[in-house]
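Heads up, the next two complexes both have chain A, just with different partners, chain B and then chain C.
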Partner chain A sequence: MIRLERVTWLTGKALRIMTLLFALCVISFVLLSYSPIDPVQAYVGADMMRVSSQQREQISEYWGLNKPPLERFVRWGRALIHGDLGVSMIFRSPVRDVIKDRFAASLALMAAAWFFSGIIGFVMGVTAGMNQGRWLDRILKWYCLTLASTPTFWLGLLLVMVFSVWLGWFPVGLGVPAGQLSEDVTIWNRVNHLILPALTLSIIGVANIALHTRQKLIDVLKSDYILFARAKGKHGVQLLWQHGLRNIMLPAITLQFASFSELFGGSVLAEQVFSYPGLGNATVQAGLRGDLPLLLGIVLFSALFVFSGNLMADLIYLVVDPRITEATTL
Partner chain B sequence: MNTSLTARMPYPVMAFIPTLNRRQQTLLLMAMAAVVVGVMIAAGILLDNDRIATHFDQRNLAPSWNHLFGTDWLGRDMFTRTAKGLTVSIGIGMIASLASVVIAMILGLASATLGKTVDSAVSWLVDLFLGVPHLVALILIAFVMGGGAKGVIVGVACTHWPSLTRLIRAEVLQIRFSEYVHVSKHMGRSRVFIAVRHVMPHLAPQFLVGILLLFPHAILHEASITFLGFGLSPHQPAIGVILSESMKYLATGMWWLAFFPGLSLLVIVRSMDIIGDHLRQLTDPHSAHE
Partner chain C sequence: MLSIIDLSISFTQYRTGLRQKTMAAVSNLNLSVAAGEILALVGSSGSGKSLLAHAILGILPSNATMTGALVFKGEPLTPERQRALRGRDMALIPQTVNSLDPLMRAGAQVRTSVRNGKGRAVQKNMFERFGLTSRDARRYPFQLSGGMARRVLVSSALASGARLIIADEPTPGLHHQVAQETLTQLRELADQGCAVMLITHDMGTALGVADQIAVLYAGTVVEICPSSDFKDQGHLLRHPYSRALWRALPENEFHPISGSQPLQDYLPSGCLFEPRCEAGTSLCKNERPELRELRSGKVRCVHAS
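== the complex of A and B ==
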């Protein structure tokens, strides 16, 4: 019975994601095909004066831009099903490869930020929740609310000023040292260039999870079983460890998985500030230089990224919390 | 960034002033935040445009009493630039969050009142718009609109309604199934009467608070998208433009170019957040028990 419920639930979810992705394909394709920016001009750039109208036609023929939108969409969609997203105009290589390479770099950044902001935010939330109403709680809460109002890129700029310009501890930008062959780049080089952007994202990411964990812990501490545990003489860390922690862990983990959207947006900004060659940087370049295939590919990929985060959050709930399955079988 | 829509406790910063009760503390804090925002807008409107003209004799000055935030490489007064930029940003943020709240109101009301099909359609739409990261959606829309203030406003308006739509839907559903609406229905009141007299009054504060609570997200996203180069043009005074220009001068040690404008943005966003959050507490009877 429970198994069947889970299967139908999963198929429903999968169907929903499929329809959403399809709609997204259509919407972004339509939007981009009506954009006022001429892709040929964006491709040629500053050399516009030196390109004859014949060459223009050849270029648009080469990219298939002279066909009507519907035909282009069908062509693009058919290729998409085979896993072919087209060729990026600015990187001159298949969009799939660009996204794969860039995402690998971004993944290191986002994973570090995700992990550290999760752990630190959780600890901050628990600390604030256990000390509800005291000064420590007020300071932590004020700090988190202020962080939520802080522009990510400004924080990045501050970190650059302090750690790179004043202290000279870290390089100012780029994923690897400039002027170095890619074979010579060591792991240490990569990590060194990763620290500041990851730190920026971790600091910003703490706010949400800390505030939610704090609120959850306060709710849990009001419950009857905590009252009973207190009556038995439990308090402090023991009370938290035996009764509080497991109840607030699950919402925190799911929240962290559901925050992929903000993580991605944050990494776009952080990568721009630190010139980190990740997917966010590619997004900005694709938009600024009118690389339609790459922009389309990134929009779809980012949506897939967010959906998989949400799906994981749902799955964790389904597997870990027995109450959810009971509720669906009733 | 959704924290501002979740429940918060009253702000006890003023607790050391014993003569004020909690409501008065809240009002005082709101008034202070409003003054901060008001001063910044007034400065943006009243300050002379001559201060942001090029003055080659006053280039790269560190902050002083004459130039509170210093001057840039063209001798422009950074405080004036910041104030004018923030005023533009506040205007854009207001229009965008107003549009966003209107969309949320319409869709929230529709999904709560027009039956199951509309409800699931709206929930599908919400999922669709939450599926793409805000910033990527903003880049896409700004790109399609060809940049400029219009692109930012449309982009922010299109991406910020989903969370509020869910809240409004829940609120309307709660009212629809409450007892006084049942009684009113049995007394023969029309649907229009119920909508106007029973449902609308509950939504009016949601509307106002919604604008104020969406505003910080709107203005932050406006600054971000301009910073990335998709928003306002470099000729307009805008915080995003100021900060992205300052990146070039960071290595020269001109820290004031980035520090003060960003800090001002933070202060304005936080002030608006405080106003919205406390207004929510004042208008929401549930939070009175906290």
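== the complex of A and C ==
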């Protein structure tokens, strides 16, 4: 019985991601084919004046841009099914490789931001909730609300100004030191370049989780079971540990996994500010320069990324929440 | 064991704008419960029964203001003492099954309230007494029926080994037999020297086990008497409201009185029961009567004899 339910659940999820991806393919393709940016012009760039119309047609021919959109879509889709995402026009290498390289850089950034914003945000939320109405709570709440309304790029610029320009502690941008041979780049170089963008993303990320955790803890503290636990003589940290944490942990975990989309969106902006060579940076370039294959590849990949975050949240619930795990074993 | 002297509990609420409104939920309440006896607090909903329980344990909400005095085992029950004693010397059987932590196994919840002896042994013993299995101990509250959840709550309070048990409506939703078992349990505890305060709106439950009955009306005690006084036409009762309660029972005359309990923010300035009382006079209207001794009981009525 249980097995069967799990199988149906998984099939449902699989169907959902497939339809989602298909719809995404169609919509992005249509949007991009109506985009005012001429891919040939974007490809050639400043040399446009020196390229004859014949040459332009040849370029079009080479990329298959002169075919009707439907045919291009079918060809692209057929290649996609075989795992071929095409070749990026601006990087002149397979889209798959570009995404792989860029994502590896972004992953370090996003993982650091995700981890720190989760832990710090949760602790902040619990602290605020435990001290509801007192000055500590007010300060934390004010801080979070300010952060929640702070644009990522603005905070990034601010950090660059303070820590890179004035204090000179961290590099202004890029993923590795400029002008250094790639075999000479140390792990420390990479970490050093990662700190500011990761800090930007973490600082922005704590607001959401802190405010949600705070509210949830306040609700839990008002509940009948906390009242009863207090009647049993529990108080302070023991009360929080025995009855509070477990009940606020689940929503916090879900929220954190469901925030993959915001994380990705944030990384696009942060990477742009810091010229960090991650996936977000590639997205902006692909969009601005009309690199259709790369942009479509990134759209599909980011959809998968966000979807897997939500899926993980669901799976964790399945494992952690007894009301779901044991509901069928009654 | 416990004396409550002149206890009042009020709430401050903000109405439109910054106008504050004080609502008196419990006013000038006097009670005492001795070791070895069950005192039943009887009253309709909104008469301040649960609040009284929370006040004794010191777990009132923060917007509540409490005046008056509590004395436990001969010493004033200060907030510090309440904090130290609750769960150890005073235990609550709560009213709602939501009082169980939804993410904690039933057995574990009982074990956390054991103060003396081995948690597991005490919990097992309690569960056996209330017909709960070791499988039930591993269940989460959502897997328990309402009756089972109530039995877990009762076990939890009794597992503490407290000397003062405050049972806030422990029986509704229980199977008749289990309800009876719970009451028998409370009786046994009292016979062993505990003091039991049984809060209920069910006169039948109260009369079955209690030694003393305190009748609550609009947040104050109108009469305290031996439960044996509730008999026949209620001619032994001292207060018109107690008599009205008694006569309203289906097995007696099934005769209700008109009107309703006054709202907490519109309490009459005189006797709280005067608007509904047949014997009310202008004296009742103007002055709130004190609780006075009468025939081995107490009453808050100037006309009682």
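Basically, the second predicted complex is superposed on the first by the 324 of 330 C-alpha atoms of A that agree within 3 Å, B and C clash if a C-alpha of one lies under 4 Å from a C-alpha of the other, contacts with A are read in each partner's own complex, and residues count from 1 in each chain.
Heads up, the rule we're going with is that contacts are C-beta pairs under 8 Å (C-beta built on N, C-alpha and C of every residue); 3 or more make two chains touch, one makes a residue touch a chain.
Keep in mind it's a predicted model, so treat the numbers as computed, not measured.
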- [ ] Based on the superposed arrangement, let me know which partner A:Leu136 touches: chain B (first), chain C (second), both, or neither?
- [x] neither
- [ ] Applying the touch criterion given at the start, work out whether A:Ala79 contacts chain B, chain C, both or neither, answering first, second, both or neither.
- [x] neither
Open item on the list: Just checking: does A:Val319 make contact with chain B only, chain C only, both, or neither of them? Give me first, second, both or neither.
Closed with: neither
Open item on the list: I'd like to know which partner A:Thr150 touches here: chain B for first, chain C for second, both or neither.
Closed with: first
TODO: Check whether chain B or chain C contacts more residues of chain A in the superposed model.
DONE: B
Open item on the list: Is A:Val268 touching anything from chain B or chain C once the two structures are fitted on A? First, second, both or neither.
Closed with: first
Open item on the list: After the superposition on A, what does A:Ala111 contact: first (chain B), second (chain C), both or neither?
Closed with: neither
- [ ] For A:Asp224, decide between first (touching chain B), second (touching chain C), both and neither.
- [x] second
TODO: Quick one: classify A:Val191 as touching chain B (first), chain C (second), both or neither.
DONE: neither
TODO: Pick out the shared contact residues on chain A: the ones touching chain B in one complex and chain C in the other.
DONE: none
Task: In the complex, chain A residues that touch chain C - done: 223-225, 227-235, 242-243, 246-247, 321-323, 326-327, 330
Task: Complex contact set, residues of chain C against chain A - done: 54, 57, 59, 83, 85-88, 91-92, 94, 96, 98-104, 112-113, 115, 140, 142-143, 153, 156, 160
Open item on the list: Under the stated contact criterion, what part of chain B meets chain A in this complex?
Closed with: 1-4, 6-9, 12-13, 124, 127-128, 130-137, 139-146, 216, 220, 223-224, 227-230, 243, 246-247, 250-251, 253, 255, 258-259, 262-263, 265-266, 269-270, 273
Task: In the complex with chain B, residue positions of chain A that touch it - done: 16, 19-20, 23-24, 28, 31-32, 34-37, 133, 138, 141-142, 144-146, 148-154, 157-158, 160-161, 165, 172, 207-208, 211-212, 215, 260-262, 264-265, 268-269, 272-273, 283-284, 287-288, 290, 295, 298-299, 302-303, 305-307
